[in-house]
Every structure is written in C-alpha cells, then in structure tokens.
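Order of writing sets the chain letters: A, B and C. Residues in each chain are counted from 1.
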Amino acid sequence: MSMSVLRRVLLSPGLLILAVLVVAPITLMALESLRPFVGGRAGGTTGWTLRNYTELTQPAYAYYFWDTFRIGFIASAAALLLATPLAWQAARTTQPALRVLIFGLLISLLFMSLIAKLYAIQMTFGPTGPFAALGTLIGVPARSPQYAQVQVFIGLLHFVLPLATLMMIGTFQNISPRLEEAASSLGAPRWSVALSVTLPLAVPGLLAAFMIVFAACISNFVVPLILGRGVVLFATNLMYTRFSDIADYPSGAAIGVIMLVLAGTMVYAMTAIVRRLVPADVQR
Amino acid sequence: MTSTACASVAGDRLAGFLVRFLLIATVLFLVIPIAISGILSFDDREFIGPFPPTAFSLRWYRSFFENPSYISGLFVSLRLALLSAVISTVVGAGAAFALAETRWRARGLVEILFLSPRFIPTVVIGFSMLGFASAIHIFDAFTRLVMGHVVITIPFTVRATLAGLVGVRRGLSEAAISLGAPPWRAFLDATLPLARTGIIAGALMAFALSFDEVAVSIFLTDAFTQTLPIALVAEMRANLNLTVAAVATVFAIIAMLIVAVLDRVAGLDAIIGRGMYRE
Amino acid sequence: MSSPGLELVNIVKHFGSHAAVDGASLSVDSGEIVALLGPSGCGKTTTLRLIAGFERLDDGRIVVGGIDVAKVPPFRRHIGIVFQDYALFPHMTAAQNIEYGMRQHGFGRPEREERRRDLLRLVRLDGLEHRSPAALSGGQQQRVALARALAISPRLLLLDGPLSNLDAKLRETLRGELRDILCSVGTTTLIVTHDQIEAIGIAHRIALMNRGRIVQIGAPREIYEAPTTRFAAQFVGQSLWFGGRFEHSGNDRGRFVSDEGLLFDTESPVTSASRYGLSIRPEHIHVPPRAADANRLAAVVERVDFLGAELILRCRLDQGDRVIAIPVRADECITIGAGDHVDLGVAPVHCRVVADE
C-alpha cells in the first residue's frame, strides 16, 4: 500500500464525519432558519422567509445579543489583564518548582468540570456565600437581580482565564529574555521594560488570545445558564429557550446562524491579525 | 540626579509589588471557590447556611450515590465519554498522521477543516445535530449524543496528536522503509509508538471534554438518557443543595490526579513547551 | 588610575548543589580590555550575568568603578552589555535602539541625536540608522548593539562572545575593527568567550576560567608561553603533554622523567602543585635539532601530511612508542619522508613544567 493511499485511508473517516456530522447538520439548520414558524408544529413547514432574522432586531431580542457582547467583552478583557502577569511570571521564572506549580494549576483547572466550578462560584460569591460582600463593595448587593451579571462575569473569568494564561505563556516564551535584560542594562526600571519592550512585542499574541477568549465567552452556554438566574441570558441560552419553550426551530436556527457567523468572523480576524503583525519566521 | 535615582528605584520596587500582588490575587481568585466548595461538601447542615460550617459529615457524598438519576447519569456519561473518546482518538489520530506526513498543498486547509468544530459554538452543534438526527430518523438519544460528542472532541485529538508528532522525524519511517518495511508497517513500527504521548493526551482531553459537556447534551438527551451534568443541572434547578459541592470536590481531585499522572508520564514542561528561547 | 575599572573578589554562585562560579577573583584596570576565556560550562557566562545583575551573588564582592554593586538593581548599574545574539529590539529601528538607553537616562532630543550620530560614525554605520534590525546583516547588527551599549557612556562594557555569531571571514575583519573601536573609546571592557583567537586578537590581558575559578591571568603571549596548568597549556594553543615525575634542582632548572621513561632537562618557573606534567608546544620541537636544543629524542617518521606552507610530521618516538605531530616549514624539510629515522630536539626553556590540573 503506497503512502498516498495510506494517507487517504487515514483521512477518510475523519472527513466523512466532518461532512456528515458537521456540514450536513449546519446546512440543514441554515435552511431551517429561512422557514416560517408555525406554532404547534415542529418543522416541516414550506416556503421561505427572512422573518426569523428580522424578528431578532427587535429591542427585546437585540438586548440579549448586546448583553452577550458586553459581558463577554468585559470578561475577556479582564481575563487578558489577569492572565498576562501570571503568564509572564510562569514563562520567565528560573525556579522550576514555581513553573511546574503554575502549569499544574492551569491544567488542573482546564480538566476540571466547568459545571463544578460554576456551582463552587455560586456557593462562594452567591448571596449565601462568604464572599457575597464583594457585591456590596462594588455597589451591586448580592441579593439584587443585577448581581447575576457579576456572577456571570466571574464564571466566564474562571472559564477562560486558564486558557488565556496558557496562550500568553506561549507568547512570552517566544520573546527573548535577553531583550528585557538589554533594556534593563540600558537603564530601564522593570515597569519601563514592560511598557517599552515586552508588551509591544506581545501585542500580536495578546490580540490573538483576546479573539479566541472573546469567541469562547460569547459562545458559552453553561455559565449564564447556571449563574444567570434567568436575569442574564446569552444568545446561546435564547437559542435553547426558543427550542425548549416554544419549539420555534426556525428562530433558534436563525440565532444559530448568527452565532456561527460571529464566531467565524472572530477567528478570521484573529488569523488576519496574527499574519499581519507577526514576522513570518516566528510563525510556526 | 540622586533624587530621581531614588524615585526610580522606588518606582521599580512599587511596580514589582503591584505585579506580585496581582499574581497572588489571580491565583487566589481561581483557587478559593474550589476550596470553599470543598469545605462545604462536608457540611453537616441540611440547608445551605452561612460559611463556615459548624459540623462535618459525608452526607452529601452519600446523597449523591443515593440519587438514582445521578447514578444513571454517571453511567451514561462514562459510557458516552469513553465511546466518544475512543472514536474521536482513532479518527483524529489517524487524520493527524496523514496530515503530518505530507508536504501536501491542501494540507493547511484540511487541517483547518478538522480543527473547525472548535470554533463552532457548542449550542449550534447540539441544535443542528438534533435537527439532522431527526431528519435521518435517528431517535435514539445515546446515538445522538455520541454523534455530537465525537464532533466536538475531534479537534482536540487531532491537535494533540499533531503536537506529539512534531518531535518525530519523518526520517525514522523512511529508514524503516529502506530496511524493507512496507509503508503501513513502517508507520506501525516507527511512527506510531513515538507519538504515544500526543495520542494519550488527546484521548484524555476528549474524555474530559465529553464528560463535562452540557450545551451539546442538553439538546440531544431525552427523559430516559441523561448525562451527569444534565442531571445535576436539572436537580439543582429544582432544589439547590450541597450534593453539587461533593461532586465538584471529587472532580477537582480527579483533575489534580490527571495532572499528576501527566507530569509523571510526560512532564508538564514538555506538554506546555519551552518556546524558542529554551534556557 | 586609582580605582580599578572592575574588581571581582572571590565571587560564588550556586545553582542548586552545583557551583557555577566557585571563588573567582579578577581585577581589571580602568580602560583595560580583558577577555574571560574558558570552555563551555566554566562559569564565564554566569560571571557576566552576575556582574550585570541578572543573577544574585551568593558570596563575594563585585566592584564596578569603585562602587560595590551588590545592592544596586541592574537598571542602575550603568553597565553596557552586548549580548551574544545582540538582543536588538525588533520593534524599533537601529536609531531607536541606540537612543533607548539615552531616553531612559533622560537625555534631551538634540543631545540624543548628536550622540547617536557620533556613535554611528564610530561604528561605521552611517546611513543605516532607520533600518529595522531584521533588515541588517549580522555584522551590522553587532555594530548597532555596540553603539547602543556605548551610548550611555557606561563605566564598564560587557561583551558576550561578540564575534561568535558571525561567519569566519567576517570574524577576521571585525576583530580588528572591534579592537580599534574599544581602544579609542577607552571604556573598561570584559569580553566573555570560548574562542581563544577572539581573546588573543582583542584583549590586553586574558583571564582563563575553568570550573568556576580563574586559573591564570596574563597577557596573551604570557599565557601562551608560560602556562601554569595543564588546562591553560591545552586550552590555549596546541600542547604535547607528558605525565611523569619532576625533580627540582635549583633556580628554574630541573629534570622531568616522563611515564614512558623519556628524560627532559627543564628550565621554567614552577608553581607548587601536588602533581606535575610537562607541556611542550609542538612548534618548539625542531627537526633537525638546533644548537640550543639540549633535549634529544629519536623517532621514526610514520607519515608526512602536506598542508601547503607547512608539513605535519607524525613521528613515533623510539622510546615509549608514542606518536607526536610536529609542524615544520615545508621549505626546511623537503627531504624527509615516511620511514626515515630522525633526531628531534627541544630546548629546556620550552619544556614547561606545569601543575597537572
């Protein structure tokens, strides 16, 4: 058996699965989104319409999209803000014990059930938890409905922080420590080294990480489900309620198409940025 | 010049303190909820009361095992994760081998194709899979679940195997071929064994991902076949109690064990890599 | 000058249980260029990093320009560094790289530009200042790195293998240029390198380093002609080494009996040690022996290698059966061929008795 035949054999199951289980369902969903919704009937209707999409521009629904973006953006920005110093320390430390500790922490968090973490957050920062005072500190008491936004924010942060940190570790590992030492020897205190050398060189990595984290946040379903208390709903949750509450498949499908387009755009933007800003010999 | 000298040394020290403070705050932020949940899991009170608990017991761990929907959910999740991980690893690792060997023009495109499910929101995968399964008359919940879970785990098995193959030189399989082995034998003897760590890492990630998945599962389950996360969410909706704290603690311990095993087997340094400027 | 440019007093640095630097001492005069020469792993890079402040001293003192720098953070030590890979900031032009240090020290714009122009002229890079490092060749990058380090008028200049990243031809040209630039600027300089040609070609004095200690310091010629240890004899230049016993007979004279039973009259100062060996530079063995060559050896030529202006005679000594390689000028030995019996001679003053360590 020649190499190219072997290759084809190895690739075909995967390609088959992709075609049958990804392309076909999504195509079907896209088609369904253009069908009118007939109450009481699940699918099978005829005719084409754009009403499912135009319906979403109404303030009531647009609000959910806005919430998704707003909270997702703030959580992503906070994640990058906290991930960067942690990642820099992990990448630069000369003590192997510290590095292994941080790596270990990050990977355990990745492997740990998100649901478990979310309920832990509920018990810690929720109205009955020991850190509920956090709410009063920032002016949103834990018992108020708006506090759900804070909890969703915390939940998203827990979700993406390990991922963001790991990505930033990669970025900092590819910036030579000699550059920081050179800046230091030329008279720059550490904060000046960070601002004038380290961060400018980390920008492509930061942007790429932000895009990935942001896409993950707006696509997330569980966090608003568990911590949103019905007050905070992401577009993803909206999709589910269209299906589960009123069996409005076409509307759910329309939301799905929009989410797909958004996520895809973000990924495309990320690769474009990386390609523009990272010199070709550094890209793997 | 000395006053500005003192100022800049002070500024440097201050910046150092702030960063260190931020680091510790971040780590604490990540760890505290898990610690609190761990402590609460041993709380003896029947209701969720103020922290800290005054009496301790294992009641919530017992309550987990005494709840039939949790137990059946656990078994469903285990079967599902195992099956999905196996299928996904076989298919994904195979694809990775095919991709790694080639200097194919289409290689980049095919690689992106295989990694694409990662960028599709899981709700979309779940929702669309439901419609598709109905359209082709697959109504068995477990089959639908496997379909969905395989899709979301393939990008991880492909990527992990590819990463594991980075260290394996193509020359090894070519050497085997020059010694008389047919290509498929060279693959089995020279390439496959060395990519072991990558494949295992991918399988582990696939299992963990499938076990924890909610967004896909919530569309594809039915009343009789529920995964553990779905069962948990449903119960907690109705009646929030500390069983979930017990579950969370068990998951945390398992995660730490997995990491300890990974470190022993491959070394965490090796998994995360050292970048271009290895010290 | 009253205070030396750089002083290392018994510095020690451990990594875990391994002592990378184990009590090294060195004194560099103001304006002098000293090369810290040694094989990889000898501790020279660690020493450089200790002086720069990137590693913390475990014990000992480092004094730069009369100031003990132990408590001084790296960004206040005022030491210029040229890294092995130059470490030019890729997101800045050459001009911005050079001005970086001046900016940090608060120089005003006209001052910076003037100094930058002077430096570019000094390192012969006029006209290239607005290129980014990626658009510069290796040699040009090295010059930018040097200009950048000199821009802050440092008390001390540290060079880490300045020529090691360049190809052989470039190395030759830049060696001389580098020496000229350093001498004209007059800054105390320490060059860290494993390349003896780099050390010999640029430095006023060489400090040989091995296993965390500085084993010999002296002018290049001194180290070549009068090594005090086996390491020095073998690391710098070629050395024919004989193990054996030494009897001191007075003044600098003595007699060395090698393990193979060969006898040598020696005439060299000897530092006390527990074990001795004999080191002879191959070019000091003459065929045929000259008047001053009191030590005679009989040998048979096994092979003659032709290298152009030089021949290498591989001779098997009659006594002890050892094969040694001796370079001779081609025009002096054209009649010697394989199989010939020859008389070899070496003068006692070229038989150096050194400590076997």
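As a convention for this text, a contact is a pair of C-beta atoms (placed from the backbone, for glycine too) under 8 Å apart; a residue touches a chain by one contact, two chains touch by 3 or more.
Just so you know, these numbers come straight off a predicted model, no measurement behind them.
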Treat each pair of touching chains as one step and give the shortest count from chain A to chain B. 1
Farthest chain from chain B, going by the mean of C-alpha atoms per chain? C
Between A-C and B-C, which chain pair is linked by more C-beta pairs in contact? A-C
What is the distance in Å between the mean C-alpha positions of chain A and chain B? 15
So, what's the distance in Å between the C-alpha centres of chain C and chain A? 55
Rounded Å distance between chain B and chain C, as computed from the means of their C-alpha atoms: 54
Can you pull out the residues of chain C that are in contact with at least two other chains? 73, 75-76
Can you list every residue of chain B that touches 2 or more other chains, as numbers and ranges? 8-9, 12
Return the residues of chain A touching two or more other chains; collapse runs of consecutive numbers into ranges. 176, 178, 189-190
Hey, which residues of chain A end up touching chain B in the complex? 1-3, 6-8, 10-11, 13-15, 17-18, 21-22, 24-26, 28-29, 32, 43, 82-83, 85-86, 89, 91, 94, 96, 99-100, 103-105, 107-109, 111-117, 119-125, 128-131, 157-158, 161-162, 166, 169-170, 172-178, 189-191, 194, 215, 218-219, 221-222, 225-226, 236, 239-240, 243, 249, 252-253, 256, 259-260, 263-264, 267, 282
Given the complex, residues on chain C that touch chain B span 73, 75-76, 106
Which residues of chain B touch chain C in the complex? 4-5, 8-9, 12
Can you list the chain C residues touching chain A in their complex? 52-54, 73-81, 83, 85, 87-91, 100-101, 104-105, 134, 148-149, 151-152
Mind pulling up the chain B residues that touch chain A in the complex? 8-9, 11-12, 15-16, 19, 22-23, 26-27, 29-34, 36-37, 40, 48-52, 90-92, 94-95, 97-99, 101-102, 110, 113-114, 116-117, 119-125, 127-132, 134-135, 147, 150-151, 154, 158, 182-184, 187, 204, 208, 211-212, 214-215, 218-219, 229, 232-233, 236, 240, 242, 244-245, 247-248, 251-252, 254-256, 258-260, 262-263, 268-269, 271-277, 279
